[in-house]
Amino acid sequence: MNTDRLRRLLSEVQSGKRTVDEAVEVLKVLPFEALDDATVDHHRQVRRGFPEVILGEGKTADQILSIVRSMTEKGENVLITRIEEDKMAVLRKVFPDIQYNPRSRTATLVDKPIEITGKGTILILTAGTTDIPVAEEAMVTAQMMGNEVEMICDVGVAGIHRLLHHRERIMKAHVLIVVAGMEGALPSVVGGLVNRPVIAVPTSTGYGTSFQGVTALLGMLNSCAAGVTVVNIDNGFGAGYTASLINRP
Amino acid sequence: MNTDRLRRLLSEVQSGKRTVDEAVEVLKVLPFEALDDATVDHHRQVRRGFPEVILGEGKTADQILSIVRSMTEKGENVLITRIEEDKMAVLRKVFPDIQYNPRSRTATLVDKPIEITGKGTILILTAGTTDIPVAEEAMVTAQMMGNEVEMICDVGVAGIHRLLHHRERIMKAHVLIVVAGMEGALPSVVGGLVNRPVIAVPTSTGYGTSFQGVTALLGMLNSCAAGVTVVNIDNGFGAGYTASLINRP
Amino acid sequence: MNTDRLRRLLSEVQSGKRTVDEAVEVLKVLPFEALDDATVDHHRQVRRGFPEVILGEGKTADQILSIVRSMTEKGENVLITRIEEDKMAVLRKVFPDIQYNPRSRTATLVDKPIEITGKGTILILTAGTTDIPVAEEAMVTAQMMGNEVEMICDVGVAGIHRLLHHRERIMKAHVLIVVAGMEGALPSVVGGLVNRPVIAVPTSTGYGTSFQGVTALLGMLNSCAAGVTVVNIDNGFGAGYTASLINRP
Amino acid sequence: MNTDRLRRLLSEVQSGKRTVDEAVEVLKVLPFEALDDATVDHHRQVRRGFPEVILGEGKTADQILSIVRSMTEKGENVLITRIEEDKMAVLRKVFPDIQYNPRSRTATLVDKPIEITGKGTILILTAGTTDIPVAEEAMVTAQMMGNEVEMICDVGVAGIHRLLHHRERIMKAHVLIVVAGMEGALPSVVGGLVNRPVIAVPTSTGYGTSFQGVTALLGMLNSCAAGVTVVNIDNGFGAGYTASLINRP
Amino acid sequence: MNTDRLRRLLSEVQSGKRTVDEAVEVLKVLPFEALDDATVDHHRQVRRGFPEVILGEGKTADQILSIVRSMTEKGENVLITRIEEDKMAVLRKVFPDIQYNPRSRTATLVDKPIEITGKGTILILTAGTTDIPVAEEAMVTAQMMGNEVEMICDVGVAGIHRLLHHRERIMKAHVLIVVAGMEGALPSVVGGLVNRPVIAVPTSTGYGTSFQGVTALLGMLNSCAAGVTVVNIDNGFGAGYTASLINRP
Amino acid sequence: MNTDRLRRLLSEVQSGKRTVDEAVEVLKVLPFEALDDATVDHHRQVRRGFPEVILGEGKTADQILSIVRSMTEKGENVLITRIEEDKMAVLRKVFPDIQYNPRSRTATLVDKPIEITGKGTILILTAGTTDIPVAEEAMVTAQMMGNEVEMICDVGVAGIHRLLHHRERIMKAHVLIVVAGMEGALPSVVGGLVNRPVIAVPTSTGYGTSFQGVTALLGMLNSCAAGVTVVNIDNGFGAGYTASLINRP
Amino acid sequence: MNTDRLRRLLSEVQSGKRTVDEAVEVLKVLPFEALDDATVDHHRQVRRGFPEVILGEGKTADQILSIVRSMTEKGENVLITRIEEDKMAVLRKVFPDIQYNPRSRTATLVDKPIEITGKGTILILTAGTTDIPVAEEAMVTAQMMGNEVEMICDVGVAGIHRLLHHRERIMKAHVLIVVAGMEGALPSVVGGLVNRPVIAVPTSTGYGTSFQGVTALLGMLNSCAAGVTVVNIDNGFGAGYTASLINRP
Amino acid sequence: MNTDRLRRLLSEVQSGKRTVDEAVEVLKVLPFEALDDATVDHHRQVRRGFPEVILGEGKTADQILSIVRSMTEKGENVLITRIEEDKMAVLRKVFPDIQYNPRSRTATLVDKPIEITGKGTILILTAGTTDIPVAEEAMVTAQMMGNEVEMICDVGVAGIHRLLHHRERIMKAHVLIVVAGMEGALPSVVGGLVNRPVIAVPTSTGYGTSFQGVTALLGMLNSCAAGVTVVNIDNGFGAGYTASLINRP
């Protein structure tokens, strides 16, 4: 129940059009309706400038299309994650401007220009080249949410000088996303170099006891550097989203 | 916000004591307060006849005493679970009628007589003698919630004739709770004999690969008999509580 | 050995047609036969109104067909679970009225009309859209067992207002089935709103540390709301079956 | 080094054909050669009546063919396990009498008639129909090793009367192999009925928390019935082999 | 219902003392009673010569005493497993002849002399000295069940020559029990030397990734030697019991 | 090597006091020294306003005392985490102003007044009362790092109205820390209400399948709400530290 | 920054071409550059004689080709691991001399002849035939790094005499690599025979509880023989590389 | 059977004192005896300069004393690992010169001076101070085996400059042992700096998801640096022993 309806009801009580008892009956079912509206209002406000996000996985091209349609009607930018290329044809027919990034498996539809609102740079680091797809999912997400994003790849801890080579950029970043598989040690080293929040993303690369990313995840949770928090395995979107929240002014 | 306050507010609008705008301001924060009240009201009503429940574990005797006090003021019966005997002295001084069951580690304070409101008998079966403490926690819970409860102990599947000996009582029960450790096979056999809901409770008895009840839990989740659902390891309270919900008329 | 055979045997002893020793020999093997008959009789009686159920997984279309045939001869309704569409052609040739639900992978053959015998409504809630196939398996099962079933989808806890929007229907339900993957938190919230039994079904949706439903399962077993019991991952059938048992008058 | 060579060497020393020093040099390398021969001799003797066994998995049809060839030259019967049908064509060309069992994925080549040397009957029980392939691997193995084998299928614990129906055959068996997936409860019930060794075989049937047979395995290891030992998941061969060793006179 | 009662009932029908209907009523409850008796009879017969076994763990000294009393009244020998020394005083007062083995934590009361009925020697091997307590539990069990038992300790695979030194005794044994912790490799080596059944017992010795015996258990389940079956971690009793069943003539 | 030393060296080269070759020798070992100094300098600067932190666990009271001494000499505030009360006496003798919080097991020594530099409020929520110790560790950490911190306890998801009651404070917070054990569902609900970063802290409360916090951890990693990141089990310090980094202007 | 640049800078200061302040500015960024150069130099030197290594997995044929190209320009030998045959065509067109080993999935390009620089023989042992691909990856790696390598296959512990047959070669080896799946027992036996370092490589062969090599890995980590260290599952390259490091003079 | 006995036997055959048949009988049992002797001889020779090692854990002070006695009679140095201080009194009475290291829980008895025979320095690095006990066990072991050992503590990856500060010592070491708990990342960084074998030792330090060292172990097994091998959790002895084998000339 929005404020207008509420005001109208109260005016009717004031004017004698409705009895107090009638109004009580109406207001008794208010709470949940009201919560609904309030939350939606709140969300609309706080999420201003955010794109709408669709998880492509587990949805057909037609289902995705229909969601995109309803979103673009509201004039929102759209980000689709975990969408395979074979579903893009259906979308491209209706939205010829939709962009697809095959490495990160993301599609983006930018209706209104993205304004850079983030306070500083979000820097994404990867330990290896196989971590790049997850890193790019984070990058696309953060860019769609209005951030300057930089990426430095293949600076794993077994070649520590390669990492230190980028020390200045690392120290200048406002938020850092560190993507790593195998032993997942990179966030600890980076976390020790900076005093900014580090979001660690374990990836499912590796073999044998990498256990599809579990080893990297455990390593990151046990990081000896303070300031490191962790998201689910391969969850580049979650890292990019959280980094954007942190980077908001 | 309860109905009285709401009615008073509306009357003030009606009588001109408050403007519509003032009332809107008041009602804008209503939803969550209202939800609060509504839920509490609802709970009060549906839980009529239920005891108040306190988890003793992790609380000091004094903390428990203070909670019991506030509950008895409302005239509710009280059930305390997972409470060690050494905390009882403090409680007994203030509530000399409190009963303690050392095997199930439960304490009960019955202020108003428990009325049997359950539709049928709740039958609790245990595979071994070491499962009895958990079974008694379920029993005390179900009794406090107004049920006839029967218990048959030590009828594990390795002596199938002992179980079948009780076949008639098993088939007459309205809800069954089956408590077992080790391989947790009893619920499957019982579930195959009856067409009533079977709540399986794994216990942390056993050694080696019993893994403190995980093996029993997994066995129960994989029961080849339909109609079996499972609660957490050693969760006699949860089983007794759910059985009581099922047994309500 | 049924009562008739027993009576005939005793009459033969009475009339001298058989000696006592002969009868003893016959009766010595009685126990297990008797158990067999008794159980079958018992099952027949208590399961009146239940369909026959076939697990399609791991059976060929021909094997399924032959089981369906023997069941329909007894005039029973038939429910087949976990059956892939490619096996349906064989069944449709012989049973043109067989219905297939591709989402839940269930097939149903209704020979005698299903009578609604359940006491109240069984409400099925899903956290996300990917949980719907498992929810529909539960729904079909409960409907075939004579229940009114309602379903509310996509009311996961990250949008709590969407869930609370349906509060009245939730509170009116007689039994609730809550289907959720990922963190499996929905049953706890629902269990806190109602005082009816909640059957939680973890689903294998999610990625990374969802571990094919294990995380959801663990979350549900540790539910902080009393009244929640759990079935195996993706076991919609088990949930629908147990809910039906609970809902029987 | 076999006895003949040893005798010849000593004779040469005795006759002066070789010096003591020369013989010492020869005998210094004796131990390991001797162990080799001794073990082979020992094996040859104790394994009399056993077939040669080839694990088909991970070998090409040609590799298998070449091993079969060398074995048949010694006049041994041959058992091939875990061999897919598509490898049989190559074998059938050379050995037209080779028999293939597609359910158990075993092939057998019987050159000399199998003599029944086992002391009693080996009885194989399965909990469900999906356990039959593993059970048949055990059956074929035990038959090739000279045993009478019986099988009773689909007597899972959720229909205890079906199991008890076969009580006499169960009690007469000399060794029992119990094959079960899901909760793996059948060996406990059977182990409680008999006083003969029970070999439990977990199978990888089931879904969700069956964890490809791990749950069944754990259940069996925790069996509350004494006399139950366990083999690896789906290891029908190991069960049939051990049962045969136990059944030897 | 035993045969005598059955015969008397039938005679009463024959003589007209009871009507057929009365007898049917009596016999209707027969199955389960009968099963009970039958099973007990069967057990009594097949277990002739076996001791009664009490699991001491989780029972008070008084509970154990009372069970021992009822057993000795029937003239049975008694074996108590997993009993701590502090409970022995109570037992010794009443049964001064009771023997306690502190290493294996077993107590034995031998009323009638144990007759050696096993067909051959049961040989117990341990990988290390810390495995001896479990090995002795197996030894005591097998001795109480009428077997010749030999033990060879500390012949782990890292000193293969120590094991092979005992090759003749190993090859002469009728049944072998191999007790090992850490990597649990000994059963594979022993299983490759003999053609007799090998029962592998993992022990909870070791540290770190020995995971309280799980590593040894897994190693044994994956033994590359056929003829090896496995019992639960530290389950010396189960191994001794099964070995005795195998060794029975 | 700091800038002063470097400048002095270069001046000596300029003035001819040192040859180029001598200077090269000195500068050849510069890199690592320099890195060392640079990092320390950098750290000093960025960490301005942060306390020095000592992990008390695994250190003796004397070891802690000696570290505290060296820190206070530099005029830094000190935070000691995971320190048991019995070690405080030694510290109190030397530092009578040291404060101890027994619930969070933290000790704090505030030499220079803590200035509130954080941009907004850090709000800490706990699902249950047993989560409070971990929450307080987070609170003390964030307070020592110059933040306004609020805490709301016992608002678990099974009583959703209690949580929603605090909706306004939740929506106003700049960073949120959500502490929960058992199923760990609270961060998902909170994450769905706000658009600020949520740091989830699993706690080791619960029993059975809570697995000492692993279930809560997994639930949090699989949160269906974006914006949630996770730290190690019971790592209140890490959560407070990261929240402070995020909250810096 | 290399020495030449440093010397030039200092000369400019000496000669007055640059002021001290200018030089300080240049030298302030020195540390990380210097580290970079130093490390690269160091690596170049210590790795003299080593091939360049490319992990083929997760790279396209074109990506691999481009890396190979840049390496061969420096005149280095090249080893590509985990490369599937279908990527070889692209490489062969440009490098007709490239050798492919399909079993180990390695490709090698030898531009300058490999000099044997290793001190002794590296001996590779495998437990079964299915372990050979991993063993060959180790072999190719060690050969490319300048070692004499020998291999003995199929000497698993279940046929201990086959292993002991090769005792002399085993005892003569300078470093040993032992490759085994299933229970992973072979390294313990070998480690007990020699006093040289043994590198154990678990393989993902086996089924059921082999858990894709985890059981073998755990067995090896718990080896009762000192001198055994372990690498990741199927990591033949890592074993060959480490063995080569150990074998360097 | 040693060479002398063999020679005497052959001489008796030569001289006619024994017949060939008699000699054959004697030699038939030779293999295993011979293996025994040979292995012992071999071990004696290759282990020259090594101390005798006793695992103190699980042995009483008296048992340890008796083993030490027999060893010192042969003039060997003795190393006892995992021995608690309370057992030292018994040993000190008999061996007043025995040295005890309480941190590493090792005792050493040096009868003949330890000669440094290792080729280079063994360098031990620890990530934290809590890793020192395990590091010292490695150090004592390697020293007793005749090596120069250096240790650098508390150089974890979160403070990378502290590690790099010791770069020269790291690069000069012949073998490296890296001891780390928590995320176990240090071996990867060290392995990337050197071209010498790195033995990684996970420790059971940490809390929550450190899982008593499992996380560190998994991180080390997945090290992205080649040349790293791993031992069991807290196995300082194994690391020191293997490093010594590698360091032998």
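The chains carry the letters A, B, C, D, E, F, G and H, assigned in the order they are written, with residues numbered from 1 in each.
By definition in this document, a residue touches a chain if its C-beta (ideal position, glycine included) is under 8 Å from a C-beta of that chain, and two chains touch if they have at least 3 such contacts.
All values reported here derive from a predicted model rather than from experimental measurement.
Q: If each hop has to land on a touching chain, what is the smallest number of hops from subunit C to subunit F?
A: Graph distance in the chain contact network comes out at 1.
Q: Could you work out which chain's C-alpha centre is the most distant one from the centre of subunit D?
A: Result for max centroid distance from subunit D is chain F.
Q: For subunit C and subunit H, what's the span in angstrom between their mean Cα positions?
A: 60
Q: Based only on mean CA positions, could you tell me how far subunit A sits from subunit B in angstrom?
A: Computed value for the inter-centroid distance: 40 Å.
Q: Taking each chain's centre as the mean position of its Cα atoms, how many Å separate subunit C from subunit G?
A: Chain centroid spacing, subunit C to subunit G, equals 56 Å.
Q: Taking each residue of subunit G in turn, which ones touch at least two of the other chains?
A: 32, 35, 38-39, 159-160, 164, 193, 208-210, 214, 217, 221-222, 232
Q: Determine which chains touch and list them pairwise.
A: A-B, A-C, A-F, A-G, A-H, B-C, B-D, B-E, B-F, C-D, C-E, C-F, D-E, D-G, D-H, E-G, E-H, F-G, F-H, G-H
Q: Over in the complex, which subunit D residues touch subunit E? Could you list them?
A: 35, 39, 42-43, 46-47, 50, 53, 164, 171, 193-197, 199, 217, 221-222, 226-232, 237-239, 241-242, 245-246
Q: Under the definition above, what is the set of subunit E residues touching subunit B in their complex?
A: For this pair, the touching residues of subunit E are 32-33, 35-36, 38-40, 57-59, 202, 204, 212-214, 217, 232-235.
Q: Could you list, by residue number, the parts of subunit B that touch subunit A in their complex?
A: Those residues of subunit B that touch subunit A are 3, 6-7, 10-11, 13-14, 16, 20, 23-24, 27-28, 30-32, 34-35, 38.
Q: Under the touch definition given earlier, write down the residues of subunit D that touch subunit B in their complex.
A: 127-128, 156-160, 164, 182-185, 188-189, 191-193, 206, 208-211, 214-216, 218-225
Q: Which of the residues in subunit F come into contact with subunit B in the complex?
A: 129-130, 159-162, 164-165, 167-168, 205, 207-210
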